[in-house]
Amino acid sequence: MKQLDTELSKQFTLSDYVEQRPELAFVTVEKQQLVPLLTYLRDTKKYTHLVTLTAVDWLEVNQFQLTYLLHNYETHTDIGIRVKLDRDNPVMETIHHLWEQARVYQRELHEMFGIDFPGSPGVEEPMILEGWQGPPVMRRDFDTAKYSLETYDHRKRDTREPEIYMKEKLYPED
Amino acid sequence: MSFATKLMLSFLSLGVITIWGLTLNGIVAKIFARVQGRLGPPFWQPFIDIIKNNAKRTTVSHGIMFYLGPVFRIAGGIGTYMFIPAVLGSVMFSNYSVSGDVFLVMYFIFFGQLGMALGAGEGGHPYSAIGVARGLAQMTAFEVPFALSVISLAVQYHTLNITEIVMAQQGSILNWTLFTNPLAVIAAMIAMLGMTMYNPFSVVIAPQETPIGPPTEYSASFLGLLATNRGIFNAAKLVLFMNLYFGGATNIISMLVKTFAIYMFSVFVGVAFPRFKTEDSIRFFLKVPALLGALAIVVWLI
Amino acid sequence: MSDKYPPIVNGKSVYDLESGKYLKMWQGPQHPGVTGNMSLELIISGDQIVDCKTHVGYLHRGFEKLMERRRYINCFPIVCRICVPEPDTNEYLFAAAMEDLMGIEVPERAKWLRTLNMELSRLASFLMWIGGQSGAFGHGTVAQWALAHRDFVLDLFEEWTGARIYHMYTTPGGVRGGTPEGWDNHVERVLQGVEKFLTEVNHVMFNNAVFKSRAVGLGIIAPDMIDRFGVVGPVARGSGIVRDTRKDNPYLIYDQLDFNIETETAGDVYARAMVRWKEMHQAISLIRQIIKRMPRTGPLHITLPNVLHLKVPAGETYVRAESTRGEYGYYMVSDGTIYPRKITVRGPSYSHAMALLEHLAVGVNIADTHGLMLSLHTYPPEIER
Amino acid sequence: MKLKDILSPFYVWKRAFEKPYSINTLTELRPGSPTYRGFHKNDVSKCIGCGSCAEICQNITIDMVPVSETKDGDSGLRPRFDYGLCCWCALCVDICPTGSLTMSNAYTWVEEGLDKDVRETYCFTPGVDEKHWENEELGYHRPDEYELLHLNRLPMPHLPTEERITSFIEMVKGYSREQAVKEADRCIQCGICTATCPAHMNIPAYIKAIREDNIEEGLRIMYETNPLPGVCGRVCTRRCEDVCALSHRGEAISIRWLKRYLSDSVEGEKYNQILASEIKPQNKTVAIIGAGPGGLSAAYYLLKMGYSVEIFEQNKAAGGMLRYGIPEYRLPYDAMDKDINYIVSLGAKLHYNTKVGKDISFDELHARFDSVFISTGLFEASKLAIEGETLPGVLYGLNFLEDVTHGKIPELGKKVLVIGGGNVAMDAARTARRLGADVVVIYRRREIDMPADHEEIEEGYEENIEFHFQAIPMKIEQTADNRLEFIWGNAEMKQLEEGKRPVPVMIEGSRESIIADTIISAVGQSTNYHWMEGEAIANIKFGKWTIEADRWGKSSDPKVFVGGDIFNRVADAISAIADGHRSARAIDSFLQSQTE
Amino acid sequence: MTDIDKIHDSLEAKPEPADTETNNNTEREWRKDEKTLTNSELSLEEQDWFCDARPQPVKPAWGPIEKFYNWARSHSLWILAFGTGCGAIELRPLVTARYDISRLGMQPRPTPRQASVFMIGGYVSIKTLKRIVRSYEQMQGPKFVVAVCSCAINGGMYWDSYNTIKRIDHYIPVDVYVTGCMPRPEAVIAGFTKLKELIMAGKAEGQNLYAEKFDWYKANQKQVIKDWNMPDYNW
């Protein structure tokens, strides 16, 4: 895998190479170079299978990380391509022309993270959530427990921490 | 016999045949269940279902034709039965057999489905619409071998009266159409598979293959009516087949036994096969069975 | 024929329902033919589908979000709910992803038991599928038998793990107990029943004129579509693609077991069904091998640090396993706290039920829709999670 | 369409003549498998209400609710399950430290929904609310091979026995960072220990700090309730460990050693910086009599509150019983000095070699200071009250240990007899052993009744100390060769009063003896109040043994407070520290009320 | 004190948000679907389409007749084959050979019009709830609801999920609950048996309850279903 990274580095600006296992590595690429890189990997390096496309919200550094995971059926190796997006303006090029199922992933990311993929068919349509009016739910600043407690009717809990309860009961003055 | 007595008796016979038809459905469900490795509902389940359906408190209606659909349907069922002599020689079960009643009966078989089509169409549910389309298409298809077979019989027996056809088959078991005109019987029996709507010709009411069939929107007493009709209609068709091909019945016991045996044929096939698509079943009916029916006519014409 | 299909603009079919040429029809979520809780929006012209759109999200619970606020050990009961009919792959993969990030190796015996668990659940899942597939073509008899046999397999699970559906057996670090005494004999009895059932299925379903007339030639997936749509598992193998994660990227103890990749070439519903039928035999053989060779003593799990405040080192990983639908994977990102940063579940149903089905359904008779859907063997809960 | 394909499906009919798959579920319920994860059971007699089940439950299924029946080391809470939330993952069963929580194989619970809120109906406390599956034998229990908790504590490295019987070097080496973090990781943070600790130290919090490697935070947490952590980290009687949730199925967490690790990890010079807090000076003074743990503790908290504190100590160094009663191999002086120095550095004025009543009168203190805190401790040894006690060669444990501390090592001879079963007896015995004597310990009751730490007894055995149990002393005689003969009678344990511990009763006619060079009696300590003279004591009420005071240590004279051994008679450091802290707060509120 | 309790307490402190909808609209202007339709924007005729037509309570028939009817109803329970959650997976064993509830006169029906029992299989997402309400309203009375799994009772393990409702009886009346995750098929059968008893005793009047408390149920439904725009069902 290291060899592949070296080879790719000649053409693309790569960083943060991590080899998790001998057959799995992750690498970060510049946003503009993603589609050429994926095309290159698919057509030349036989990374023909798009395993998944997902996003990680790094709220602390105000970034989204998109991970494109590709698999090579001949060498049985995977490479994860990371792309960092600005969290305030998350727009990414679509790759649905490379893999058909990518449009579904992109549609989901658009709905769940609010990442836009202009040109991806049907990306604007709500997919899973119907009539959702809040912020994109998978963003880390959306607190699902709070939302749930506010929106739905919960049975009021009646629990006590042993430590606090014993203090109240056994030595309230101390 | 006065008209009133006759009317009373025929309604009594209708009652008997309804109960028999529903019982048959229950028994068949039980047999199905056994083949499927389970115990199945009690055989009186269809009766409870009908009571339950009539006991529904609310029902939705989509207009007058929707309302009339099941009425037409049950009219078709009753009509079919009313012109078939169920038991030869019995006063009660002779019904209103008249000359040419074979064609009348065939008309009635069609009539119910047409009425249903109107009603289901009014329901406005696309599933019903598709179900009706499938039902009518399939019905037209199986009518072909059946009609050919009946024509063959007409040619054979030189009559269009069911009573006379039955009379002609009396005496020996070898006089049955089954032995005298086997080609016509095979064609008709295959058509019966379509008529009873068991697999592989059940796509009309198939829940899995998209529509739930014409009764999609029907509920409560409408559904009860349809279920009752299913008893009458099935039994009427079985009685018809018994009369035309299996020598009729001279007493009620043989009527019950024979109809049950004939019904078992479609069950025998039905449990073993998946469903045909509509076009497949049309293609199927128009091929071998239709050919056999035509051949039966040709054989008797020669 | 060609003008039957509405024109496609920007990847979307444009049709005019007012023209009367097309009828829009919804199937699901409460339609009995649909695989679980999803719906299809079909545009039909006559009996033929001219446009199909899948709608999912009826089962969305936000697992990936929920897992972000649960400790690692607390993710373990919830991951199995991601795929209801085959939960064990989820359990294994979650544990494997965690173990990979933590750099720990589970004991040998646990590996065997995990494999056994996955193969048994593969069998159950396939039995469920065969019920659906035959049911979708109206063959209720086979469906009834299949579900009964599935239940016998579930009984085995119950005896072994203490639950029928959600076994919660594969915990991070190992497994949750050994097999009970006398259980092997029960397994053998059930396997024999299933084998007999498979023979019956062969007679009744695969050699059935009507079934053949419907399944052969339906929903053909050409080999060139495989990579374009990300097709995996038995669906791909039905098109003659020799790929199986168990062989390609061996995990657990699959490299020690004796099995071959089962394939068919036709790529239609019948071929896919055939592949699965063969794989059920394969699963049975694997279960027998495992039970015969599995070590009976030894540790079942390694002791993790206190699970109440277990931290996983920062990093990211992807682990995969072969589920009944194909490659199933977990992508886990940890930021070094007691909560996972992000867990993405890569379910094969995702691409199969959405992009692939939408593509395949066009031109198919509506009566065959569900047969086609079932042949892709998708489980909606894993799509929307 | 082949003919075979048409005929082959009729194979289905074979099934019609075979046994159906159906099971008769309609009349009787099939029982769940022997390990079925059904409804919960709780053995309330074992449950301690630690709340780990509630902690691990991701579904907030478990509420801890109070129950009336409780026992020692029990929070008084029991888990209540909400079956509208449970997912039957059985993690609660797996983690249950006592093993009280299990599952039955019952699985049917049906409720009508129209007339009530079933969410309440589906809440129940297993073991308390009666359910039909209560006595169900089968069901899920944690498999033996599967354990979520770490039941075994990390072994503490000790000096090897050979080395330790010849030297007074501290025998316990202390945890390294990795070991401490690992040991701290075992904690399930239930907090039952906090209630048991006399000082109510926030044990889970500082263990958490250790786990997170936040030493400074841990030290701060400890100083909130205990200003002598270095001491307690070594010699605490650690009642917390007796009730530790983990001790029910395994070994308790080494809370004491973790405490020691915390204080050892910080250099003494840094204490000021880490524990710095804003001190608001108060214009009041407090006198403290006795620089033992109670006095020091009171001094620390009073200083933190801004009072000026003066301590009067009769010995030449602070520490009291800690210094003079506990041998160096258990509590090295520099560790103690670290804690004491910090307190001194806060501004406490220490008057050494100043005995109240002799060097300064109690009246003077009473007049000069705004408040007086008395914690003189039990400085007198109890008498054996048998014939021959006054013979030369019969020593008292307390005096013996004090002498050793002062460096006045008495001539012990070859064989030493120690009478008593408390910590002082053990200290005396082991000190004597280190001085080269063969030691025999004689105790009235059984081994399990010994008040001394279990570890000390075990280490005593390791150090080849002999034990004689159920031996009631009768008399001591001088033998011809100037040695001592100790005569005792064997006893049997009798349950005289229900609910109390059995009492040793001498067996009639039994008489045994042993000859030794020295006999050390360590059967208890007491005190006296002879030094308290003058007018100031007019308002103070004396009890039989103690000065009467409320639980805050406030005597009948509002100015005078008591604490430590003379007050609680438990005779351990942590109780004295707790008293000091408590009294400091009482003194504070008293002085505040004075100001207003 | 866990985070959740803190949230709970903070919620207690502030008054019940009466107008959640307006709050949400002003606070979060993230995405407004152009298809989004609130019920208030509909004409009366359209509201009828969306099943907002007010159901009326129906009085039971005369005593003995009603008893007979109830007997028939209880022996012919038709289940709506709508798997709403993971509990649906136990519906299949139930209706197939192993457990075979057809013996009880039960069978799955593909259309809500004909079904009389609605089995809620656990957690219900908002999107499904819309279909559940619609299907329930399409069912003909008397209709019964059996809710299985703990999720239907109090949210289950998805108690903190943004997309699932926590109790089903706020939205449709539930006759019988079966707890478990999953409940075994036998437990579900026990639930159905209980339902039968209730029907026989004439206590399963959920349909009328729904009609009587229609406003309350509708208000609850509208509180969580922000978008009433059903996909174009138009029949």
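Order as written gives the chain letters A, B, C, D and E; numbering starts at 1 within each chain.
Keep this in mind: a contact is a pair of C-beta atoms (placed from the backbone, for glycine too) under 8 Å apart; a residue touches a chain by one contact, two chains touch by 3 or more.
Note that the coordinates shown come from a computational prediction; the quantities given were computed from them, not determined experimentally.
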{"item": "Each chain counted as touching subunit D and subunit E at once", "value": "A, B, C"}
{"item": "Shortest contact path, subunit C to subunit E, counted in steps", "value": "1"}
{"item": "Selected pair, greater C-beta contact count between A-D and B-E", "value": "B-E"}
{"item": "Furthest chain, CA centroid comparison against subunit B", "value": "D"}
{"item": "Rounded Å distance, subunit A centre to subunit C centre (Cα mean)", "value": "23"}
{"item": "For subunit C paired with subunit D, centre-to-centre distance based on mean C-alpha positions, whole Å", "value": "55"}
{"item": "Computed distance of Cα centres, subunit E from subunit A, in Å", "value": "34"}
{"item": "Distance between the centres, which are taken as Cα means, of subunit C and subunit B, whole angstrom", "value": "43"}
{"item": "Per-residue multi-chain contacts in subunit C, two or more chains", "value": "24, 31-32, 57, 60, 62, 65-66, 69, 77-78, 141, 144-145, 148, 151, 166, 204-205, 208-210, 213"}
{"item": "Multi-chain contact residues (two or more partners), subunit E", "value": "4, 81, 96-100, 103, 110, 127, 154-155, 157, 159-163, 167, 181, 184"}
{"item": "Multi-chain contact sites of subunit A, meaning residues that touch two or more partners", "value": "128-130, 137, 142, 144-145, 155, 157, 159, 161, 164"}
{"item": "Those chain pairs that satisfy the touch definition", "value": "A-C, A-D, A-E, B-C, B-D, B-E, C-D, C-E, D-E"}
{"item": "Residues of subunit C defined as touching subunit B within the complex", "value": "23-25, 27, 31-33, 47, 134-141, 144-145, 148, 204-205, 208-211, 213-214, 365-370"}
{"item": "Subunit A partner contacts - residues on subunit C that touch it in the complex", "value": "10-12, 56-57, 60, 62, 64-66, 68-69, 100, 227-230, 232, 243, 248-249, 315-318, 320, 327, 329, 331, 333, 341-342, 344, 346, 350-351, 354-356, 359, 384"}
{"item": "Touching residues on subunit A, where the partner in the complex is subunit E", "value": "114, 126, 128-137, 142, 144-157, 159, 161, 164"}
{"item": "Footprint of subunit B on subunit E - complex, ascending", "value": "55, 58, 68-69, 72-73, 75-76, 81, 96-98, 100, 102-103, 105, 107, 110-111, 113-114, 116, 138, 140-142, 207, 235"}
{"item": "Subunit D to subunit C touching residues, read off their complex", "value": "1-2, 4-6, 8-9, 11-12, 14-15, 21, 32-37, 52, 55-56, 58, 87-91, 94-95, 103, 140, 143, 145-150, 182, 185-189, 211"}
